[in-house]
Amino acid sequence: MGGSFTLGRIAEALGATLEGDPSRVVVAVAPLETAGPEHISFLANPRFLPAAAETRAGAVVVGRDVEGLSHALLRVDSPQAALVLLLRLFHPEAPTRPGVHTASVVDGTARVDASAAVGPGAVVEAGAVIGPRSRVGALSFVGPGVVIGADVVLHPRTVVYGGVAIGDRVIVHSGAVLGADGFGYAFDGRIHQKIPQVGGLRIEDDVEIGANTTIDRATLGNTVIGRGSKIDNLVQVGHNTEVGEDVILVSQVGISGSCRIGNRAILAGQVGVADHVVIGEGAVLTAQSGVPNTVPAGQVRSGTPSRPSLEMRRIWAAEAMLPDLVRKVRALEKRVRDLEGHAGE
Amino acid sequence: MGGSFTLGRIAEALGATLEGDPSRVVVAVAPLETAGPEHISFLANPRFLPAAAETRAGAVVVGRDVEGLSHALLRVDSPQAALVLLLRLFHPEAPTRPGVHTASVVDGTARVDASAAVGPGAVVEAGAVIGPRSRVGALSFVGPGVVIGADVVLHPRTVVYGGVAIGDRVIVHSGAVLGADGFGYAFDGRIHQKIPQVGGLRIEDDVEIGANTTIDRATLGNTVIGRGSKIDNLVQVGHNTEVGEDVILVSQVGISGSCRIGNRAILAGQVGVADHVVIGEGAVLTAQSGVPNTVPAGQVRSGTPSRPSLEMRRIWAAEAMLPDLVRKVRALEKRVRDLEGHAGE
Amino acid sequence: MGGSFTLGRIAEALGATLEGDPSRVVVAVAPLETAGPEHISFLANPRFLPAAAETRAGAVVVGRDVEGLSHALLRVDSPQAALVLLLRLFHPEAPTRPGVHTASVVDGTARVDASAAVGPGAVVEAGAVIGPRSRVGALSFVGPGVVIGADVVLHPRTVVYGGVAIGDRVIVHSGAVLGADGFGYAFDGRIHQKIPQVGGLRIEDDVEIGANTTIDRATLGNTVIGRGSKIDNLVQVGHNTEVGEDVILVSQVGISGSCRIGNRAILAGQVGVADHVVIGEGAVLTAQSGVPNTVPAGQVRSGTPSRPSLEMRRIWAAEAMLPDLVRKVRALEKRVRDLEGHAGE
């Protein structure tokens, strides 16, 4: 896969300053550890500088100020951003091959754009709309009345329940389930009565949704995933929750119903958020945090129940001393009793 | 969607006492915040009273004793129970459209009731039985010998392994996997030998199972989900576990093998239960609890390892003082040493 | 299902010493609690000895040194290993019925071994290779260029993205997604730019993967699941992570990107591992542990952040005393102040 490029051509694509022979050719991108002279590699994180020093790569993409490397270098402002361009150069995305596969089942009232693709075994229900250049992967289900924008990729075997709205350039990975019923019951003293979940789900532009992630429809109104938010695998987003823009939800995060997650918030792996919780813009929840109530904008929190991270880290450090502390306090009590005995004499 | 109704008709359906004009018409149910004069809304939780006071809704369903609202009111004993009726009134469930889709694959020995439906792309294997008015959603898999009762809804793309038994009125959401092998191996000192998982899985009446939830078959005997239990998305139930009746398992709960979960127990989000654990009737585990051993009936527990919630909350509160406590004890030790020096003089 | 066997025949198959009538016939394997005289049962864990004493089973498989049972006994070195043989005897696995189902969609350039099977509704893309006796379950998706070895079982509705390599005797349960994009973005100060995920995923021989588990492809290079490792349901393995051999990952474990998990490590349910973490050979992480950094080989750890289990258990025990400790220290401070007052007199 991919082609081969001269370092000069790559430097141009990356907006990089080249220190090395512009006519040298590399055939692929490779990590520092496994790269050979025919590869180009990259140093995106300074902590891997030792690996960069030892790499056999023919060239390395590095930051402006990296020193101590004797390789051909392509210096850029942001090696991570350059990596995106580099990988796109070597691995250009194949354009959508338009067409509805004969082994799919598309309802006569669905409107599939002529430039869109529907894969084998996919089912597209009545009234659904598939926008320009969008792809419905093999074995996917697109429910009645679903509206999908342009340049969307539904990987094979995704499910979109009826009535869900998906914007442009959204990517959904296999196994994701968008728009299942919210988890709502009214206990009547005898059994749990199901509260009909008749609301919707709106996925805005440029969202990516991981494999086997579940995002529920609203009871009434809409569950919303805001523009540019990125959701990892096996994440749960409950009914009526509104996730802001450019939010990061790492794998196995669970967000209950009716939450508000502010723009650019980051929820690390396995974080749990209770219902009706508001998380402020740019807040960061470290892995496995449990969040029972409001998190102010910009705050970094850890632990269950979550606290400001610095505070939580001090507690974790002190915890190690806790068994010892119990003993010390017992000893102190005895010593103080003795002293009190003396003092009372 | 839905129709429009007079307040008089709605009051009748809800068994409500109407305070307002019975001939007034509303066209949809809406949340307090977004409702307009053409909508009916509801106040199911007293903490939203301020929102109710400000709603523009044409009418509000409220409890018998709510005060301070100047809207048309429909007073009921339980607003949450009334919400169920209200939503069913405006969003009546469509009856099953019987028939086996031509693009499905149904084995000749399977028995699909004439009133049942099998969607496009679904696969129903040998000897399976689909009961009256039940629906096998598009792209679902029903394994050999599966028995499904009446009025069951398998949403698109569910999987039911061979031999699983499902009762009446069960709802299974997309991506759920019922009856995969339990996680059982015998380490022979060299490798993990797979223990064949030859037991079954029984889902009793009125159970609902969320999207991408997994419930394993038993090694021998049966894994059981008891009548009326409601299971959220991405939940794991291990082999040979018996979940009682009317149990609530919130999203991302993980229950190991051979557990017993008592009737009406509630396990909040991300709770983990170790194997062979017994959880008593009506016990409540708050979110993210880790449960290594027996929980008595009716007890509310929190934390990992879980403790009675009041105790755990006191510990969490005291934790904040822990770093300070370490310093204080050090200071006390010094002061007591000094006093002891004096006392020894 | 299964046949019936004499105890003599069973003893032979298990390499057991029979204490009882070799001509006695049993018709099935059953747990101690539910077994009748026509069943054979087993005592794999000494803690169930009371149940064994009371079982009505016609025969019991037990360890060499178990005493106090009056049943017909089959004594073996390892009852757990014998259980594997016993279940295989009564429930022999059906051989693969070769053939490509007419309702599947197999690309003309894919190579399906003549002894392999492709189920109804399955999709096999261009250039994929399916090895001898392997089964692609109904409604499964096998992407372009996927290579699958011999005797592999893909249960219905699994997804294997393009380019993934699967060894021999691998079992993949329904809903698993192998090779979806890793979760990698470069924040450019404005939005999260997707880093193309162009690496692969290699599943080695004898691996088993649970239902709805997700294992991501690498950004570059390979994500690897080592030979003989067993992965439960709803597990997440991030991009570029290398899981060693004979590793156990219990349900809902989440492993971030670029981790190294040593051979024979055991990660219990809901454990979370941060990115770039190295876990040593044979290490054990107890349930719900959170692992932010290196775990030495062979160490048993618990808690978040994880510590050696003995230390963590001492902390958990001491936690219960923490609220009391706060009070005691306050009281001590007062008493010491009083003593200091006296001493200063």
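Just so it is clear, A, B and C label the chains in written order, and each chain counts residues from 1 on its own.
Heads up, the rule we're going with is that contacts are C-beta pairs under 8 Å (C-beta built on N, C-alpha and C of every residue); 3 or more make two chains touch, one makes a residue touch a chain.
Note that the coordinates shown come from a computational prediction; the quantities given were computed from them, not determined experimentally.
Colleague: How big is the rotation relating subunit B to subunit C when the fit is done on Cα atoms? Please round to the nearest 5 degrees.
Modeller: Angle of the fitting rotation, subunit B to subunit C: 120 degrees.
Colleague: Mind checking subunit A against subunit C and telling me if their interface is mostly the same residue numbers on each side, over half, or mostly different?
Modeller: different
Colleague: If you average the CA atoms of subunit A and of subunit C, how many Å lie between those two points?
Modeller: Whole-Å distance between the two chain centres: 25.
Colleague: Please list all residues of subunit C that touch 2 or more other chains.
Modeller: 121, 139, 157, 175, 212, 234, 252, 270, 288, 304, 319, 322, 325, 329, 332, 336, 339, 343
Colleague: Along subunit B, where are the residues that touch subunit C in the complex?
Modeller: 105, 121, 123, 125, 139, 141, 143, 157, 159, 161, 175, 177, 180-181, 183, 185-186, 188, 191-196, 198, 212, 214, 216, 219-221, 234, 236, 238, 252, 254, 256, 270, 272, 274, 288, 290, 292, 304-305, 307, 311, 314-315, 317-319, 321-322, 325, 328-329, 332, 335-336, 339, 342-343
Colleague: Using the touch definition from the top, list the residues of subunit B that touch subunit A in their complex.
Modeller: It is residues 1-2, 29-31, 34, 78, 80-81, 83-84, 87-88, 90-91, 93, 101, 103, 119-121, 137-139, 155-157, 171, 173-175, 206, 208, 210-212, 228, 230, 232-234, 246, 248, 250-252, 269-270, 287-288, 303-304, 316, 319-320, 322-323, 325-326, 329, 332-333, 336, 339-340, 343 of subunit B that touch subunit A.
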